[in-house]
Amino acid sequence: MNTDLRVRLGALELPNPVVTAAGCAGSGRELAQFFDIADIGAVTTKSVMLEPHAGRPAPRMAETPSGMLSTTGMQGPGVDVFLQRDLPWLLARGGRAIVSVAGSGTAEFGELARRISAEPGVGAIEVNLSCPDPADPDGRRFADDAARAAAVVSTVRSHARSDLPVLAKLAADVPDVVALAVACAEARADGLSMINTVRGMAVDPRTLRPAVAGGIGGLSGPAIRPLAVGCVYRVHEALPEVPIIGMGGVRTGGDVVEFMAAGASAVAVGTVNFSDPSACVRVLREFTEALEAKGVRRAGDLVGAAHRPGVGV
Amino acid sequence: MSDYGPVQVRCPVLNVRRVDAYYAITVVAPGIAERFRSGQFVSVAVGGDHSSTLLRRPFAIHDVKPDYGGTVEFLFAVRGTGTAWLAERRSRDLLDVVGPLGRPFPLPRDPVNCVLVGGGSGSAPLFPLAQSLRRRGCRVDFVLGGASADRVFSAITARRIAETAVFTTDDGSFGTRGRVTDVLGRVIEECRSDVVYTCGPMPMLRAVTAVAGTHGIPVQVSVEETMACGTGICMTCVIPVVGEDGITRMVRSCVDGPVFRGEQVRFDDVGTIPFDALGAPGWKGAGSSRPAESARDIA
Amino acid sequence: MNTDLRVRLGALELPNPVVTAAGCAGSGRELAQFFDIADIGAVTTKSVMLEPHAGRPAPRMAETPSGMLSTTGMQGPGVDVFLQRDLPWLLARGGRAIVSVAGSGTAEFGELARRISAEPGVGAIEVNLSCPDPADPDGRRFADDAARAAAVVSTVRSHARSDLPVLAKLAADVPDVVALAVACAEARADGLSMINTVRGMAVDPRTLRPAVAGGIGGLSGPAIRPLAVGCVYRVHEALPEVPIIGMGGVRTGGDVVEFMAAGASAVAVGTVNFSDPSACVRVLREFTEALEAKGVRRAGDLVGAAHRPGVGV
Amino acid sequence: MSDYGPVQVRCPVLNVRRVDAYYAITVVAPGIAERFRSGQFVSVAVGGDHSSTLLRRPFAIHDVKPDYGGTVEFLFAVRGTGTAWLAERRSRDLLDVVGPLGRPFPLPRDPVNCVLVGGGSGSAPLFPLAQSLRRRGCRVDFVLGGASADRVFSAITARRIAETAVFTTDDGSFGTRGRVTDVLGRVIEECRSDVVYTCGPMPMLRAVTAVAGTHGIPVQVSVEETMACGTGICMTCVIPVVGEDGITRMVRSCVDGPVFRGEQVRFDDVGTIPFDALGAPGWKGAGSSRPAESARDIA
């Protein structure tokens, strides 16, 4: 059987739904040692900022049951190095690039959108709304305030090339993820990515100290998959026309089926790239086999299937 | 630097041995064996396909042999869940191994005198290094330490391959009571060492670097930072390292290391972001003259 | 060494910090087949309502990585049967009872508090704030609105016998758990229990249907432990004087150490009772051994240790 | 009802056998063996101490033997992660097993004629039941079905211990093509059966109950609901069952079952809360004359 794996995220068509999650694949170079980066749907690059950032102190990670806590704090070389070195490398290898941006303020998001739009070959811009909002007195993230998040999205939208899809990356641990999604869609996001890591903490029982520097870290991995699937399901219910990249603990092809049935059009592999560097192609293979076993001819038919009782796929 | 990238293989366990306080596992992994350069490591998935322990465990490669197309041996102490699970493996079990990873020890061009300083399981990567150095005609001396006799690693092998081998234990149960750095100065002088290679816990690396500095000889240190990926994509394993250009960067110990020049590691600042590191809070890049971003760019 | 395991939750002293989580141990009878129920700190009983409740349709559970989703929907016999049959059984065996109450409205919470206060021998009342609030137009839970939650707590406090500690049970997936905790403490809660299950979802990749009836379920088990430890840490930081029962994925004695270091005075075992019916006594044994190995002479010394850098325990 | 509660034991695997499409595992577990009554089950922890699959898997006890102080055998088909892991166990591995759990099959006081109807792996608990019934002088007849020949369970044993044994397969590869209910009526008549015992998937139990009803004989069904705890504390395994008092309650299939009188199970309403169930939305208790809450109270 010849399964049609193509999926769409607004104007962007991907050859298949398996992409990498921001910050979990660099810009593709390291994983390219294990598989051909052009074979997967897209590479979402690590959130890039305008200037170089050194990130947070170590220890930056701790293992937790079926997951990990991390606090890398947006370490990266800044947009110049990214555009000179990382992006051309990825595009030269035939990879599709979803470029994640992180601004230290709304204006910086706009500037990043402008810079990235100027590069030919970029597939989409993903707006990381889990950055701390410098204008918030409590140091909250943009995602914690739907209005502030929407302002960022609309700034990015107006600075980005008009044919370039803008995806808003949502967090799950916000007052109301559906309200946040609606606000972003109204601010003309072409799609939504969810979920980012969920704030959590571990204490090392040996030292009695917080296991990651600063105490609170971001929980990721299979442990959070039910939270992610729940967000995708509820947001797809509220906004059935808005394409979603689902992510959070994807480990197998069956997990891709799960996210797509909940409402995702594409699915990102994050933390599992750390534990299995060939995860993306394995997951894609397992997903393809699952579709064949089910007799589903078009991957797109799966999208939202869990919302339609008795759907015949 | 290795010529080939790492590979991921599901490889059969050839055997699991107890060696004093350690376990040694040998796997059949020709792809890793043929690419290996001393100082590199493997990362091993633990707990099986449905394990709740998601992350791989990194281990220095201790030995590589041509048997069965190529075998790789690593050694470990049981510390937590992952190493406890590994200790229970049996021949013919399959392990999912990625390697070889990381920057190997740079080898001297000329046949110089090398002293290899190891602490506990950190001695493991020094053995294949000793072999390589010997093949190049270098003189090799060992200083190995551990908490107690059963934690001093492969004393017999060390004696066999090295010109001299000195041992220290914290409890005095073997060799000199004390730390490797208590004897290192003397060894450097007696053996007229030209370079130090060392692997072990961070405080030891720092102390060894200081001793080498006193004697004015270069030191190559191999660090053991916690690593989520080992392949360079997660940015969790960073330490502050000064580049040739004098600028400090937070570099990944998995791919930019684990081997660094000791003088370049800011040991006092490990666990912090030094205020003068590239991209530290308040740091300001100088516009177009912004320094190159990665230690690699300037290497 | 003779380790002093006693801990205090306001007026209630427990012989040791290991208790059961509400809804994860019935009222002790079933687990008493596996160990002596008087050996653990206390049994928190399944949330009791005024009337019998049939709960939610099946399927009521799905396994997820290091956790499970459940939707039992407060099935139970009602307070009459509880007071006639379940509570006397537990007290007769020397067990300490923390009675969890769930009202279908604020008034019902008050009535439950009054009824339960009338029984001698009860150790504390735990107020389950994750019940849907019938007065909320969106069907949200009391916990979703700090003011409504505080109103419930203060109603319970005023109807409960004055010497009986009232504990407010918080959810993690609320707009601001610290604000919720502060509101409950101001409403004169004597202590806080956290966390309840976190809303999530799974889709069965075979059937493409939500894995539990109604779609959204409550995620529990080790997967959520980092979320729970994070809540305990942040709430203890804000309210260091208010005792906390920490829970969420406790599996080992080391996890008890972790929760206590984060700020809990007692620690509840929930989902792990399902997978290991003797978990409570095993966890207590492991905890005691861990204290001995550390040379900690009083369990209470651990409380909040992770907030004190370089603490010598 | 069993006289003793269940026990939790870490017990050695004696052996793992393949039996057609199934695996049979025998463990040494004297405490479980001595308490066992037919119809009861065990629940088994899967995946090891650090498994991400937290929940135990329930399996009917298929056989109990006095060897080694008492052994317990259960049978299973590989379905998902837990059973795949179990299939890889070897002799001497340790399994964490809780049992015996659940209400056993009630046994007739008199030596009556019993027909035992099993579907697929659901046939397992009927074998020890057949033995118990035989010991009481009952006549035992078997009707066993499955998707295909290799899924019809222990045909040879069935033939050996029963008066008659009839087999059905969906694909006709063994016995009669069709379902157990296609032949059950005839068996009941020919064997003058007084009671039916059955175990298998819910739709089969419902159909068997209907056939028994037509013939005016009682039926004991053993259900397989998903179970998180198996010990009665989680309330996830409930099904609607009508009590002797005519009131429907959501009862736990792990401790109030898995064996129920077929007529009392509201098969059509499984997966719902029937509007007239005790405590259903809108249901109103009649004040002091409120009905007793658990099926247990009225048993």
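Lettered A, B, C and D in written order, each chain numbered from 1.
The working rule: contacts are C-beta pairs under 8 Å (C-beta built on N, C-alpha and C of every residue); 3 or more make two chains touch, one makes a residue touch a chain.
All values reported here derive from a predicted model rather than from experimental measurement.
> Measuring between Cα centroids, what's the chain most distant from chain C?
So the farthest one, by centre of C-alpha atoms, is B.
> Whole-Å distance, chain A centre to chain B centre, using C-alpha means?
Here the centre of chain B sits 34 Å away from the centre of chain A.
> So what's the Cα centroid distance for chain B and chain D, whole Å?
Roughly 57 Å separates the two chain centres.
> Listing for chain C: what residues touch at least two other chains?
In chain C, residues 65-67, 221-222 touch at least two other chains, as defined above.
> What are the residue numbers in chain B that touch two or more other chains?
52-53
> What topology does the chain touch graph have (line, ring, star, complete, other)?
Its topology is that of a complete graph.
> For the complex, give me every residue of chain B touching chain A.
Residues 5-8, 45, 52-56, 96, 98, 225-226, 228-229, 231-239, 249-250, 255, 270-273, 277-281, 283, 285, 290, 293-294.
> With touch defined as at the start, can you tell me which chain B residues reach chain D in the complex?
47-53, 81, 85
> Under the touch definition given earlier, write down the residues of chain C that touch chain B in their complex.
That would be residues 65-66, 222 of chain C.
> Which residues of chain C touch chain A once you look at their complex with the stated criterion?
Residue positions touching the partner: 64-67, 69, 173, 175-176, 198-205, 208-210, 215-217, 219, 221-227, 229-230, 233-234, 249, 251, 254-255, 257-258, 261-262, 290, 302, 305-306, 309, 311, 313.
> Given the complex with chain C, which residues does chain B contribute to the contact?
Going by the criterion above, the answer is residues 52.
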